[in-house]
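Shown below is the structure under consideration.
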Amino acid sequence: MTPILQTERLHKRFGGLAAVADVSIDIAAGEIHCLIGPNGAGKSTLFRLVTGTYPPTSGEVLFKGENVTQRKPYERVTRGMSIKLQVPSVFRELPVNQNLDIALQRKLPTAAVPRERARLLGLLQLEDEAHRPAGILSHGQQQWLEIGMALALEPSLLLLDEPTAGMSPQETERTGELIKRLNAQGMTVLVVEHDMTFVRQIALRVTVLHLGRVFAQGNIEQVIADPRVEEIYLGKGHVG
Amino acid sequence: MRGFFGSLNGPQTLGNGRSFWTCFAAALVVALVYPGFSDPYSVGNVAYLLIFTLMALGLSLMWGYTGMFSFGQTAFFGVAGYSYGVLAINLDASGAMTLFCLLGAIAVAALFAALLGYFLIWGRVSGVFFGIVTFATTLALAAFFGQTAGPEWAIGTARFNGFNGMIGMPPLMLPWVGEEDIVLEGNALYYFVLALVLAIYLGLRALVNSRFGNVLVSIREDPLRAELLGYDVRKYQLASFVIGSSLAALSGVLYTAWGQFIPPASMGLPAAAMPIIWVAFSGRQDLTATLAGTFLLLLAFQTITVYSQQYALILMGFVLLVTVLLVPAGFIIGIGRLLAGFAGRDRAGTRQDVPA
Amino acid sequence: MFAEIFSILYQFADVFAFLILAAAGLAIIFGMMGIINMAHGEFITCGIYVTVICVQQGMPLPLAQAIGALSAGLVGIALERTIIRHLYHRPLDSILATWGISLMVTQGMLLLLGSSWRGIGTPLGSFQVGDYTFSTYRLVLFGAAIGVLAGLYLVFMRTGYGIMARATMQNAEMAQALGVRTQHMYAASFGMGAALAGLCGALYAPTMTLIPTMGITFIIESFVTVVVGGANVLLGTAPAGILLAVVRTALNAWYGQIAGQIGLLIAVIVVIRLLPEGVSGWLSRRER
């Protein structure tokens, strides 16, 4: 079975700096895959190459077998990727309801929107906030709202960049459960994360990036047990 | 019928409740019977003022709803005015033909807007630069038409006449079943313009409260997020720009046909600043506020202009400055939000956010 | 042959000087604060009128021009202190505010000063190359434009103010954290931008008939130069001036003044389609 997402020898240079070098990874349909690595490892750059925010210097991105390297972000989204950015980016001045509507109307006829919106509000535990502007929600609630907007697009691949940044441990755990629940329903999820507790909670397979390259890849327990991985984390100061 | 009325209301407009629509109906009745209680000069004058509200509504759509502000809407106003002149004079238009000239002139301006918009939007020109490039465009056009005094500056039989402007185009005429064509001036023009304003106001309400309007507002709030929801932001921006500019063009044709005259000054300064002032003062993020505020401001401006045009323009500059310093979201929209706050039952559909 | 070549170079220098002098003040304010000063034309007008009044009072022209530039600068600082500083976190609103001020000033001057004044005449006479006659003063203007560019370079690269200003341009919050008093930087920069606008007016004062709305003569050129130049004054303005002057000179020569202006605008629209961040954005991207 072809992987849902493949990167083939991706390179991204900024001037003299190789932020991502020769990265080839496969994400299988139905898995939760975590990209980990110390700060500056190239995780966020790789994420942006996948979403199409940056064009790669060389290499290819294949989504469901199709080469999408030249596709703009919105074209990738219409093909079934859904993206949550690192900094929560919701429509701050619009009510929560409307934030969801704008995402939901991409897939649903107008008449079907309210029901699905209610379902999502329940899933995200945002019922009480439905009429409030998204900008006044707590950081964690904004993260959930953004995940909800990503889900509203009925994606086949959910891309999450540091979904738990700024969340309390309880919120983090709830986010992990939400992701696992979605995965159990068949969603493929790619997560960029440096909180190792959270990674342990959700992932089976991880890819470790270091200095822009794939440093290690495989089962989470094996990777963590690898002393070289511990070294790059400790060498840069322990993260998470 | 219910569906139609439903589509007029939504989160993107203030005033969705029964009390709002009651006031709206009352205002409409006043507008309809107004000519019966007034003199022809005043009626023609109110028609003249209403003409400009269309340009303001277009700017509200672009600036208030989509977040792209053009300082050069007068460019489309003027281009359409001149186009109407060229078409109508050369075709020696009368009757229904004048209405085709109106549509043709709007098409010319819309094409121009599409071309300019393509370069700006696909060039990812952001906020401030979008304003000043459109501004430079309208000033350059004013300068261009200003030096077309010589007889060589003509298309067919329509002479541009440089600084003095193009003259001699026919007024708009409405063909009437079994009767002679109705020349649109005086009361006839008033009702024609009123019908247009009504139709466009309601049409824009339906538009901004539709799925399309949702996308426009999301682009205003965060273009990147909108793109990451799978929307091709550029197409929506271009559509909004072309619609807004076409409304400026409609204003331009109506103005030209009203006075049978279009000068380059209609595209220069201070004319280019006026739509910005109307819409900023009124409250760009609401169509109703824009419509009402623009009309009131135009009325005040005209009243003072009778005494001194300079004083009137100084006042307009002052209005803009005070609006920006004290009520950046706009005066009329502020009043509207207060009223919406008082009227409890109106609250369900109103925006509860704080203006930018 | 030499005379033809000199003539073309002279035309180019004339257009280039106009673009640079008209744009420098606008570019500084935009570069520092992201604000387009819509009252830019009125600062230029201020420089013109003060210069002409001083000359009519019997002052020598260079002194009058210095006073013209300075008074525009002082007005700029006063404006910044009273109004602009309230609007720094809202760049669009500061543009609208300056536009309102522009409108009030122009119309106020029409009321106070009447529609037109007699100019003071271009000094320095003319010189001849081959069959062509050239105005010497136009060469002075070109020298002044080069001088302004060189002066800006020195100020921003070699002085303490310049280093702090560049830091503020790069990242205002960071600069503030490092002890730069950004409020003072903004006031100084706004004043400097206004003074440069005044200087532009002062320099062109002898070449023009005076009308209160004459600021508009400079507006299109200054705006398009800033748009093409992009946010970085040091990097962008001079190349933008060269690029646009080439376009403008060629079009002026072949099709006349108005074609030059329209062509300038079309060139700008094409340039921003290709280089959305202007010349300076493109140059700094290549450096990276």
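As written, the chains take the letters A, B and C, and residue 1 is the first residue of each chain.
Quick note on the criterion: contacts are C-beta pairs under 8 Å (C-beta built on N, C-alpha and C of every residue); 3 or more make two chains touch, one makes a residue touch a chain.
No experiment lies behind these values; they were computed from the predicted model shown.
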Chain whose Cα centroid lies nearest the overall Cα centroid: B
Taking each chain's C-alpha mean as its centre, the one farthest from chain B: A
Where chain A and chain B are represented by their mean Cα positions, the distance between them in whole Å: 43
Whole-Å gap between the CA centroids of chain A and chain C: 48
Whole-Å gap between the CA centroids of chain B and chain C: 33
Contacts with 2+ other chains: residues of chain B: none
Shared-contact residues (touching 2 or more other chains) in chain C: none
In the complex, chain C residues that touch chain B: 30, 34-36, 83, 86-87, 90-97, 99-108, 110-111, 213, 216, 219-220, 223-224, 226-227, 258, 261-262, 264-265, 268-270, 272-274, 276
Sites on chain B touched by chain A in the complex: 11, 211, 214-215, 217-218, 221-222, 224-233, 351-356
Touching residues (chain side chain B, partner chain C) in the complex: 69, 116, 119-120, 122-125, 127-129, 131-133, 135-137, 139-140, 143-144, 147, 268-270, 273, 276-277, 280, 308, 310-311, 313-314, 316-321, 323-325, 328
Chain A - residues contacting chain B, complex: 51, 72-74, 77-78, 83, 85, 89-95, 97-98, 101-103, 105-106, 110, 131-133, 135, 149, 153
